[in-house]
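Let me begin by presenting the structure, written as structure tokens, before commenting on it.
When the chains are written out, they are named A, B and C in that same order, and each has its own residue count from 1.
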Amino acid sequence: MIRLLLIIFSCLFVLSSSIGQSNASITVKRYSKVDAGYLMVLRQNDDLFEQLQNFARTEKIPSANFTGMGFVDITFGFFNFETKKYEPRDFKNVELVSMHGTIAWKNDSTSIHAHGVVADKTFQAFGGHILKGKVGTGSAEILITVHDKKFQRKKDESIGADVLSLD
Amino acid sequence: MIRLLLIIFSCLFVLSSSIGQSNASITVKRYSKVDAGYLMVLRQNDDLFEQLQNFARTEKIPSANFTGMGFVDITFGFFNFETKKYEPRDFKNVELVSMHGTIAWKNDSTSIHAHGVVADKTFQAFGGHILKGKVGTGSAEILITVHDKKFQRKKDESIGADVLSLD
Amino acid sequence: MIRLLLIIFSCLFVLSSSIGQSNASITVKRYSKVDAGYLMVLRQNDDLFEQLQNFARTEKIPSANFTGMGFVDITFGFFNFETKKYEPRDFKNVELVSMHGTIAWKNDSTSIHAHGVVADKTFQAFGGHILKGKVGTGSAEILITVHDKKFQRKKDESIGADVLSLD
């Protein structure tokens, strides 16, 4: 009897896991090649930067610009020039009403720089440098414009921050 | 004498009507082909989505992304996941400081999804999912990037909202 | 002894000047050709419109759209339709979280029209028509999409403001 219950529970567990996973399933395409570059559509719980980085690695993207919108949980950071650290603030369940960013390189790693604007249910807008973000109960639509050149981010010592180098 | 006045009034009426119409006249081009796609310039009283839909139908656009700015009367909506309805709010005589959107398909109809940011005369910013909008005392400049693929919006049952499908 | 000190001070002065200059040096490239157009990266103290105008003149750009982000001091203006003047407001040390603009012509001069959204350290967002702006302690990354046609801005007498003409 106990054995039967264990089997039933195991089945239910496997079933619920697979339902939970189906959202983030690898079988759902996250981007598609278009004339202008790539159209990316992220799904609930997708991490914005992780997906952009996976994309850049998989497609061997030299560099890129992107614009987008969606529905997200996001963390903005404002750079404190005295402490040289970003002071963060979280925004949950907000519309991503604008996003602009670049994919470049910092040494041998992909380096993403993005700014966003979000709005809550009162429509008040907040914006900032994106530290991290993930898709909420909705999606994110991102258009990626690929460049044929590999650009590096290099520290500009006079300001203590990375700047995209065009050399 | 009364007949003369009537004739004068009629002339003035016809004249004023035609001046009023000249703005929305069909003779003013609303978009022009450019290397990157189409540059659209909307005029006072033009409906944003109507113009984008007319354009997509006329030019047989498979799918597209667009970005824009202008001066508008606009209605944002925030999706209430309990009622499954958008809660709307109007903003009148505001600068459209950012707009990002996609043109795709929902069954056999053109389906436009756009997010915007607006600012009033105090420069405070508001943003959201655009339910409708029309150009105010100014214009709207929109760059449309056309895709060679036809993308569909399909209901994602797990979140109860449409998601752009890349299949 | 005094002579020696004078020489040392002179050396230090020349050295500090050249370090100060290196930021705005003409030897640092401000833009690079990419498949989609040009990627522009502006540095501390660069004037947004001056750099865009220099670029347009140097590269003989017929017309263009641009999008961008960065860290800036900026002045927005809201058009007062009674006085026909822009009422300005300055925002200092703010993230430029979104910028959309067009490069066209007004008679024989380059004419730039741009809208921006900025956010301060509280992440509150403000937006408007950009009257002027310069890069703060950071940079500005701008993607410029070049059009093959030369578009003119012409006064629309019915609204008293310039509108981009597609004729």
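Please note the rule applied: a residue touches a chain if its C-beta (ideal position, glycine included) is under 8 Å from a C-beta of that chain, and two chains touch if they have at least 3 such contacts.
From a predicted model like this one, the values you see are computed outputs, not experimental measurements.
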{"item": "Same-residue or different-residue interface between chain A and chain C, half as cut-off", "value": "different"}
{"item": "Copies chain A and chain B - rotation angle from C-alpha fit, nearest 5 degrees", "value": "120"}
{"item": "Centroid distance [mean C-alpha coordinates] between chain C and chain A, Å", "value": "27"}
{"item": "Multi-chain contact residues (two or more partners), chain C", "value": "36, 67, 98, 117, 125, 127"}
{"item": "Chain B - residues contacting chain C, complex", "value": "19, 22-23, 29-32, 34-36, 39, 41, 43-44, 67-69, 71, 95-99, 117-121, 123-125, 127, 137-139, 141, 143"}
{"item": "Residues of chain A that touch chain C when the two form their complex", "value": "36-37, 63, 65, 67, 76, 78-79, 81, 87, 89, 91, 98, 100-102, 113-117, 125-129, 145-149, 151, 156, 158-159, 161, 163-167"}
